[in-house]
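Consider the two complexes below, in which chain A is the common component and chain B and chain C are the respective partners.
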Partner chain A sequence: MDFYFGLAQIIGVHTLLGLSAYILLLTGQVSLAQAGFYAIGAYVAGMLTVLGGWHLVPALGASAVCGAAVACAVGFPALRVKGLMLVIATLAFGEGVRLFFFNFDYQIAKGDLKVGPLGGEGFRQIRFFPENGWSTFEVMLFIWVFVAGAMALLWWFDRSRYGTVLRAVGEDELAAQSVGINLTAVKVSAMTVGGAIAGVGGGLYAHYTTHIEHSSFNILVATFAIAYPIVGGLRSVFGTLLAVIFVQGFLIEGLRFLGDWRNLLFGALIVLAMNLRPSGFLGTGRRA
Partner chain B sequence: MLDFLQSLSDGLLFGSTYALIGIGFTLVFGVMHKINMAYAAASIGGAYSGLLVLKVMAAAPPALVFFGAFLGGGVAGALVYVTCFHFIPLRSPLATLMSTVGMLLLIDEIVVHVTNGMPQNYPAMFDDVMLRAGEFTLRGDLLLVFGVAVLCMAALMLLLYRTRLGLATRAVSQQPVAARLCGIRLERVNATTFIITGLLGGIAGALIGASVGTLSPLLTTPLTVKGLIVTVIGGLGSIPGAIVAGLLVGGFENVLQMYRGVTERDLYVMLLLFVFLTFRPGGIFAPRGGRD
Partner chain C sequence: MLELRSLSRHFGGVRAVDGLDLTVQEGQIFGLIGPNGSGKSTTVNVITGLFAPTAGSILFRGQDLAALPTHRRLRAGIARTFQNIRLFGQLSVWQNLWVAQNSAEDQARQGFFTRWLGGQRGVRDEIGPLLEFSGLAHKRDELAANLAFGEQRRLELARALAAKPRLLLLDEPAAGMNSEEIGQLRDRILKLRERGVTILLVEHVMELVMGVTDRIAVLNFGQKIAEGTPAEIQAHPAVRKAYLGGEKA
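After this line comes the complex of A and B, so read on.
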């Protein structure tokens, strides 16, 4: 049973990652920086609980704040450029964050062993859950509380005036601007919310794996983040959840019996899915 | 000072491969206004298929392997076009972005599967030649890389500016609707562009394999990132821009590798990109009008 709880944990964290890209995709911006915010969240939360001795909940709050602050700071210069330029700018930012953590050492002695991030070797011993005796099931519930919270928040955004504004910018920037919508404010705010969600996701990720390193936040993670909402479709947050279950549950775990061939099928199925449903599983069929 | 010049010249010579990859991204962007994320992977895939020549004929000269890579790259380019672009409507840029990412993963996995995950040795030419001027040396294999890259670029320029096909390609990249009204078949031009960029990519992949000595699927991600950075620094859609930016990035990263080590090198390349995005977002050769 623990296997399924573990899988549910992975699905939960990846849903947070996907949702962080979802809100930005609503405004029509493709960001490959989500892995960067995710990494920042993971390292911040890990360092606070391990080195600072904080409880996990305030540490996750700090992750969210750091993710949001960095996203906001990156948003201003990066959102000056549009479309494909933004893809590349955010890709470079994400890689920059990864390379920063690749070169980042900050260790302190705790008891007889040294803990903390150590460059290429990564950050071991993020043992908040085992130290406090949380079972896999409890960890899963804890993660899903945050997932449900983020989904509810974004679902509510979608129903509200703010969601309409986001989609208006995504449909046609010029038209949105001409009815008095402040494009920069809308895009940067979406980026900030996305950064906060990715930060929380990263913090949770660091704690359930107990070991993080720079390669856990590579381009593949960034592409997964935008893949979920795109494959799922942008009509509602449930598309993202569905896509995460499809990718993590079916493509990665469900096809494990295929052994070596699974990885081959993985890319091919994504190509096929996009050919059959260019606007995603839950897409409207009219717009991308 | 000598060390500086040495790493600068080595970097510039190797940068010609980045320039080729950058040209591939830029050409596809020019005609379709899409990014082909699978391009670097397809190029490496093409280079791998060059190794098939060695399987058939063990004593094949490296030139034949390079030619095999050239053809393999073209096939890979055509394949990427058919699977990721042809059937997906132009209005869905996100879908093509995603499908090419899927293709990137697929090509990587095919390579891993076929080679059992082992890096493959790649034949080099003139690797025993060294041009010396006192302490300063030029590696023969890097000179070859540079020479072949320059030849490819010259051939591409001739194709684009001296043939009917090139005229059609440039017309499509300027005004797809008008080009169609003049009787140019859009699909055919798009497909040909993919084949041409694929051929270029196959050569670039082979050159990289030859100058590094081995070929591994681990090369695709850094190459994708570098190629995209080169495209942006040069200006999206600009071929001379991609050439200049490729050499610039190659030289820059090699000099910083000497001063700051290999782990920090790419961090500075990203910073270089951000400098350009802030102060010259259109790139070195910003296209007139700035459509994107």
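After this line comes the complex of A and C, so read on.
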């Protein structure tokens, strides 16, 4: 049973990652920076619980704040450019964050053990869950409280004027500014909310794996982040959830028995899914 | 109301608008006509801030607009429609109007939370009169992309009005319309004037321009070649030459 709880943890954390890209995709912006915010959230929460002795909940709050603050700061310059230029700019940011953590040492002695991030060796012993005796099931429930919270928040946005404005910007920026919408404010706010969600996701990730390193936040993670909402469709947040279940549950875990053939089939099935549903599982009927 | 002072906009060597002086009085319907490529749409784009002027200035109600970005000009009271319709196709008719409620009055009336995160309750009633005015009440929940051409033109006008403008810039609103639709458009434009909206009408369809405007300016190669009442413009020799492709002497 623990296998399935573990899988549900992965799906939960990746849903947060996908949702952080979802809100920005509503405005038509493709960002490869989400893995960077995810990494910042992971290291911040890990350092606070391990080095600072914090409880995990306030540590995740700090992850959200740091993710949001960095996303907001990056958003102002990055969102001035569009399309491929934005992809390159955000990719550069994500890689910058990864390389920062590759070189980041901050260890302190705890008993006979030195703990904390150690460059390329990574950051081990993020043991909040085992130290407090949480079972896999409890950890899974804890993660899903945050997933449900993030989904509820974005679902609510979708029904508010704010969410409608995000979609209007995604449809036609020129018309949007002509009807009085401040493009910069709208895009940066979406980036900020996405940064907070990715930060929380990263904090949860660090604690269920107990060990993070720079390569946990590479370009592949950034690609997954935007692939989920695109495969799932932008009609609602449930599309992203469905896509994560499809990719992590079915393609990665469900096809494990195929061995090396899995990777081949993985790409083919994504291509097939996008051909059958060009605007995503829960699409808007147009190409995303 | 609106004053353009030796306004120019060049694209490389092309002088799309070249030293244009224009004054639109409050309450007027002001026509801007001229052959294709004479700078009419560029003028509208410069007034709304989509293009920065190369030289010259724009005064709106005595205020210089140079420092205001496009979305702030709407808040100041300038709304527009587009020559090639630009609706939010995947939003419904009423959502197209909802996102456009950005007048200074609307922003001041609602708190931040109600305005951005409040739901649709109440708003649907507010935009009812606009939908009635545009004859779109029965299409309220239809996606904008699924509307017929004439309905899309009407929705674009309604969306501009959702911002409660003092000055409305209509960029070829009658393009592609049949004469019955043009008649309805004329009625709507005249009703708007009664409500105190000043209108700058860029149009090719003479049937409409000559029927509703108080005053007309004629552009050719970015410069104003004539200005006057519709009757004066129709009789103006330079206009006939530029616009009707030269007069047989």
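Keep this in mind: the second predicted complex is superposed on the first by the 287 of 288 C-alpha atoms of A that agree within 3 Å, B and C clash if a C-alpha of one lies under 4 Å from a C-alpha of the other, contacts with A are read in each partner's own complex, and residues count from 1 in each chain.
Criterion: contacts are C-beta pairs under 8 Å (C-beta built on N, C-alpha and C of every residue); 3 or more make two chains touch, one makes a residue touch a chain.
Every value quoted in this text rests on a predicted model; they were computed, and no experiment measured them.
Once the two complexes are overlaid on the shared chain, A:L25 sits against chain B while remaining clear of chain C. Touch criterion met: A:I270 reaches chain B, while chain C stays clear of it. Touch criterion met: A:G96 reaches chain B, while chain C stays clear of it.
In the superposed three-chain model, the partner touching more residues of chain A is B, compared with the other of chain B and chain C. Of the two partner chains placed around the shared chain by superposition, chain C is the only one that A:L183 touches, whereas chain B remains out of contact. Using the contact criterion defined above for the overlaid structures, shared-chain residue A:L258 touches neither chain B nor chain C, since it reaches no partner. Of the two partner chains placed by superposition, A:V57 touches none, neither chain B nor chain C. Only residues 156-157, 159-162, 164-165, 167-168, 171-172, 174-183, 284-286 of chain A touch chain C when the two sit together in their complex. Of all residues in chain C, those touching chain A in their complex are 48, 50, 69-71, 74-75, 79-80, 82, 86-91, 95-96, 98-100, 102-103, 115-120, 123, 159-160, 162-163. By the touch criterion given at the top, residues 29, 35, 83-84, 87-89, 91-99, 101-110, 112-113, 221, 224-225, 228-229, 231-232, 236, 263-264, 266-267, 270-271, 273-274, 277-278, 281, 292 of chain B touch chain A in their complex. The part of chain A that touches chain B in the complex is made up of residues 25, 30, 77-78, 80-85, 87-89, 91-93, 95-96, 99-100, 102-103, 119-120, 218-219, 223, 226-227, 230-231, 260, 263-264, 266-271, 273-275, 278-279, 287-288.
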